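Listed after this line are the structures, all set down as structure tokens.
Both complexes below contain chain A, partnered by chain B and then by chain C.
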Partner chain A sequence: MLKYIGKRLVQIFILLVVYVAVVFFLLHSMPGGIKAMLTTNPNLTPQARDSILHAFGLDQSLWVQFLTYLKNIFTLNLGVSFSFYPTPVWSIIAERLPRTIFLFATATLISFFIGFSSGKSLAWKRGKVSEYVATIIGVITYTVFTPLLIFVLIWFFGAYLGILPINQFLNPDLWVNTTFDAQTVFLYLLLTVSIVGAAILFSFIVAQKVSHRVKTKKIILYTSTAIASALSIFWWAISPYGIYGADIIWHMVLPVLSVAIISYAGTMLVMRDSMLETIKEDFITTARAKGLPDKVVRDKHAARTAMLPVITNFVLSMGFVVSGGLITESLFSWPGMGMTLLNATLAKDYPLASGALIFTGIFVLFAHLVVDIVYAFLDPRIRY
Partner chain B sequence: MRPVLEVKNLKMYYNTRAGIVKAADDISFTLAQGESMGLVGESGCGKTSVSMSIMRLLAENANIVNGNIYFKGKDIVKLNDEEINKIRWAGIAMIFQAAMNSLNPVYKVGDQIIEAILAHEPNVTFEESRARVAELYKLVGLDPKRMDNYPHEYSGGMKQRAIIAMSLSCNPDIIIADEPTTALDVIVQDMILKEMAKIQKKLNMSMIYISHDIAVIAEVAEKIAIMYAGKIVELSDAVTVFKKPAHPYTVGLMSSFPSIHGEKKKLVTIPGEPPNLLNAPDHCRFAPRCPFATKECWEKMPLYEEISPNHFVACFHPQNLRKQVSKDA
Partner chain C sequence: MKSKENTKEVFESPLKIRMKLAWRAFKENWKIFSESKIGVLGLWIVITFAIAGFVVYPILASTVWKPTLSGMTSYDPVTGYDFTTMNNPTPPSWHHLLGTDPLGRDVLAQLLYSTPREFALGILAALITVFIGTVIGTVSAYYGGVVDTFFMRLADLVLLFPFIPFLIVLSGMIQIDLLRLALIIGLISGFGGITIVLRSQAMVVKVKPFIESAKVSGASNPYIIVNHIIPNVMPLSFLYMMFNVTGAIFSEAVLSFFGLLNIRMSWGLMIYTADTAGYIVGGNIGHYWWLWLPPGAAITLLCGAFYFIGRGLDEVVNPRLRRR
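Moving on, here comes the complex of A and B:
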């Protein structure tokens, strides 16, 4: 396993260098690029121009510039943002990347869960009206123009029902008298969720090791999940951050819902197809012949195996999630990487734009790695 | 002695867009405790359909339209899902035709066997079930260490043995082996079949061997049923079927295959097309291929009758046939 991960890490590193090169040369070949922006001012004297070019290293050859850039990236020296001068790009990204990760991880898990279980049930009970309805709705949400869908959601929940906040990260009125900043609260949130997630994963592994009966496994998993969640809710309730954390989560509902709606259908449709294929397999007949209950055959044998192509598809659709994320974040003014990238590009804030692009790339590559590792765990045939 | 399994006038049909496929048409036979029976017939004659009906693992478009299947007095046709699940594997286990793909690729082979044991015997602990699987592995000639391997780490023959071990795991009364060895080479085939027969005798189980190769079946089965186009056309003990075959199809089948024993026979295939079970005709289904067919055969369906004690045949001219065979000899 470690060897496999190591190999994938090397691949990722190479991909990353290629990706940085693409970003670098793209930015440089753009009309109105950085050189032009700094030097087209007619009031500049030639000396001033030369010294600017020298200061930014723009008088060197493109290759030297690229190598310097590469070195800077791998030492996390991303320069200073033009539009947030003099904040370093790195600290902007460090603040915003977690927000994007949180938003997308939540939405992805929810959409995967919904897509997986609905696809599974659709295939298992074929030919019902619900199958047609769900498939049609799925195809619609899958193919609809993303901004349109988001506008409809904003209108419906934000304006028509008026029950959900429609933009921003938090409600400023609530935060005026606080002594701590939103980022702290947010990081606590992230920490809590990670701890609870780790606890659930841990208890899942323990359950697998300790018991061999589905019932006991479920009891272990459910009680530990309940305890971990209850403890964390209790901590938030007694801490001074309670309502502020809730405020952030409340603002997350609609963006998460949007991303989930955009992406659940892909999972659902692939899962349905894959499940229909798997049901025909001989080992499903064997599982039935063994006298296993219908649910065990469906979940333990059919769904577990049918899941593999869904995960492959998930990797392939990752780019789609990123582009959808950019739109989602911008429309909800969610201050994450997508919005940062868009605003930085519009403001010609080159250091920030390239930094944001590169970190989005790193994020996607690592998400791939995680999915690959999960896949390797799920499919014994490809281990090592 | 009361039979463990009694199939009575079983009719199992598939509904297809083109019409009704009568895959099992009025099938009747009994199986006693400890008895081994062979079910023989060309590809597509409905052998698997009969065994799937006994397991009640019907395809979506399949229906049991008539008949009863009594397992220890209970009619499998009428049981609800929970009751049938109790009989599956613990009462009747099955080795599927596609044995190579019968194991789930994502679980360890041993765990898949243990799963069956734990599902049927809630009082058995995990350790006990592991010990039982280890025993079974030894019985079928596998290294018990292999329990913790995945199916893709097994060779074809090993998978086959593992599946035999799996079929034995809940001590079933009956095992149905649907062409258990077709995917293997002849030598391994013979070895595995002999081992199965040995185990069957040792544990005093009942067994239904299914094959298109009558010579293979003759090695292991005490009783042989010949199927043609969804019907049993001849049924008797193995010796009778071999020495005094009454149905022209049986004779044809026997000359189609060289015997494993090496006694050389001329290879003659049965002339004509294998039957189409779709919209099957009302007259004798073998008539189009039968050298002895008369007008009667083209008009009526022959009855399935006991022509001599424990020798059932569905043919209008079984006597004719015997003369014919002895003339040839």
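Moving on, here comes the complex of A and C:
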């Protein structure tokens, strides 16, 4: 297993270098690239122009520039942002990357579980009215123009029902008299969620080891999940951060819902198709002939096998979900990577924009690695 | 007399026979295609949009919406105005079937004016993608080795490439108009997933006996690729062209929605105009629905329609899925 992960890490590293190279050469060799941006001012004297070129290292050959750029990226030296001068780009990204990761992780997990289970039961109950309705809804949400979907969500929940906040990361009125900043509270939130997640994963593994009966496993899993969630809620309730954490979560509901809907339909449709293929296989007939309960055949025999194409599809649709997340972030003013990228581009903040682009790529590559490892766990045919 | 008829039949020109065969194949495929409801629905939506953009708009522009010398209203999609109304945007009325935008321009005219451009962009980008993808997919399947490995790793990278973020950063560097956008989208996605799919299809074709016999009869490698392999992967290329049209129109809509493109008018730009003028913010959103719903719905419908056609063609092209 470790060898497999190591191999994937090396591959991902090579892909990363190639990715940085593609971004660098496309952006630097463009006719309107950074060189033109810095030197097209007609008031510039030749000496000043030369010294600017020298200061930015643009008088060196492209290869030397590229190697310097690569070295700077791996030492996290991404330059200084123009629009947030003199904040270094890295500290802006370090502040905003966790928000994007949080948004994506939550939305992906939600959409994966709902899409997985709904696709599963839809294929099982072939030909019912519910199948047609769900398929039509799935296709509509799959092809809908993302901003339109978000406008409809904002209109329905924010304006028509008026129950959810429609933009921003937090409610400024609430935070006026606080002594701590939002980032601290947010990182505590992230920590809590990861602790609860780790607890659930741990109890799942323990449950697998302890017992072979489905019922006992479920009891262990559900009780430990409940205890972990209750403890964390209790901690938040007694801590001074409680209401502020709740405020951030409250502002997160609609963005998470949007990203979840964007990635839900793909999962559901692929799961349904792959499930339909699987239930025609011989081992399903065998399992039924053995007299196993319908539910067991569906969940343990069919769904387990049908899950693999869904994960492959997840990798393929990652680019789509990332661009959907960018739109979501900018429409909800959720200060994550996508909004940073867009605003930096609009403000001609070149270092921040390219830094955000590089880190979006790193984020995607990292997600790809995680999915690959999950896939290796799920597919026993992969030998490592 | 009788013998004359026979000879006539025997000496039918090869071109005619080919046409007949093609027509028969088309009829058979059409039968399979028309069985999938979703594909036919997509085809109807595309036809409706095409008629609206290519036929209805020119007719309307030269008759009802024709600018008059003393006119108080102009229906030009970019420089239009309406002096008869006090406040813009106005809700839908008989004069403006879908209302006017914040600058007093007719929404329906903008919608129809943009349609042919969306078609042109989507189809141009998809053609470039499919051309590159087909050539690279077949070449790397046929030659294998280093070429194959290189292009497949490149395709892996392009698949993971954050495409829209990249286009956004790029639009900050250079002026992107419709033609350039089509070229960029076509070029980048041409090296992506489509090459993997076409390569695997070409691998299947490559080991067929007729390729061997072509080799034995002395055909050169390029000749075999162009005349034997590419025609056999063509249906799959056509299928992927439909999905690429969806992708290209979607990308254009997103970029112009953020106001990053240098174009006169497009569906995304219509939403952008309304958004920057502050009509899609907060509580206004339901009140000024005609500013965002028609263009948004048009993008959704056209993207969806090409996707539906792709799904319908899937049944024709992928024999595995055929239930017979």
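Just so we're on the same page, the second predicted complex is superposed on the first by the 383 of 384 C-alpha atoms of A that agree within 3 Å, B and C clash if a C-alpha of one lies under 4 Å from a C-alpha of the other, contacts with A are read in each partner's own complex, and residues count from 1 in each chain.
The working rule: contacts are C-beta pairs under 8 Å (C-beta built on N, C-alpha and C of every residue); 3 or more make two chains touch, one makes a residue touch a chain.
Predicted model only: the values in this text are computed from it and were never measured.
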* **First, second, both or neither for A:240, with chain B first and chain C second** => neither
* Which chain makes contact with more of the residues of chain A, chain B or else chain C? -> C
* Asked: Touch check for A:341: first (chain B), second (chain C), both, or neither?
  -> second
* Pick one for A:145: touches chain B only (first), chain C only (second), both, or neither. => second
* Asked: Now for A:6: first (chain B), second (chain C), both, or neither, which partner does it touch?
  -> neither
* Look at A:288 in the shared chain and tell me whether it touches chain B only, chain C only, both, or neither; answer first, second, both or neither. => first
* Shared contact residues on chain A - chain B and chain C -> none
* To do: Spell out the residues on chain B that touch chain A in their complex, using ranges where they run on.
  => 55, 57, 60, 81, 84-90, 93-94, 96, 98, 101-106, 114-116, 118-120, 126, 150, 152
* Asked: Once bound in the complex, which stretches of chain A touch chain B?
  -> 126, 212-213, 281-283, 285-294, 296, 301, 304-305, 308, 378-381
* To do: Using the touch rule from the top, collect the residues of chain A that touch chain C in their complex.
  => 15, 18-19, 22-23, 26-27, 30-34, 37, 139-140, 142-148, 151, 154-155, 158-160, 166-167, 315-316, 318-319, 322-323, 326-327, 330, 338, 341-342, 345-346, 348, 350, 353-354, 356-357, 360-361, 364-365, 368
* Considering the complex alone, what residue numbers of chain C touch chain A? -> 38, 156-157, 159-166, 168-175, 193, 246, 250, 253-254, 257-260, 271, 280, 282-286, 289, 292-293, 296-297, 299-300, 303-304, 307-308
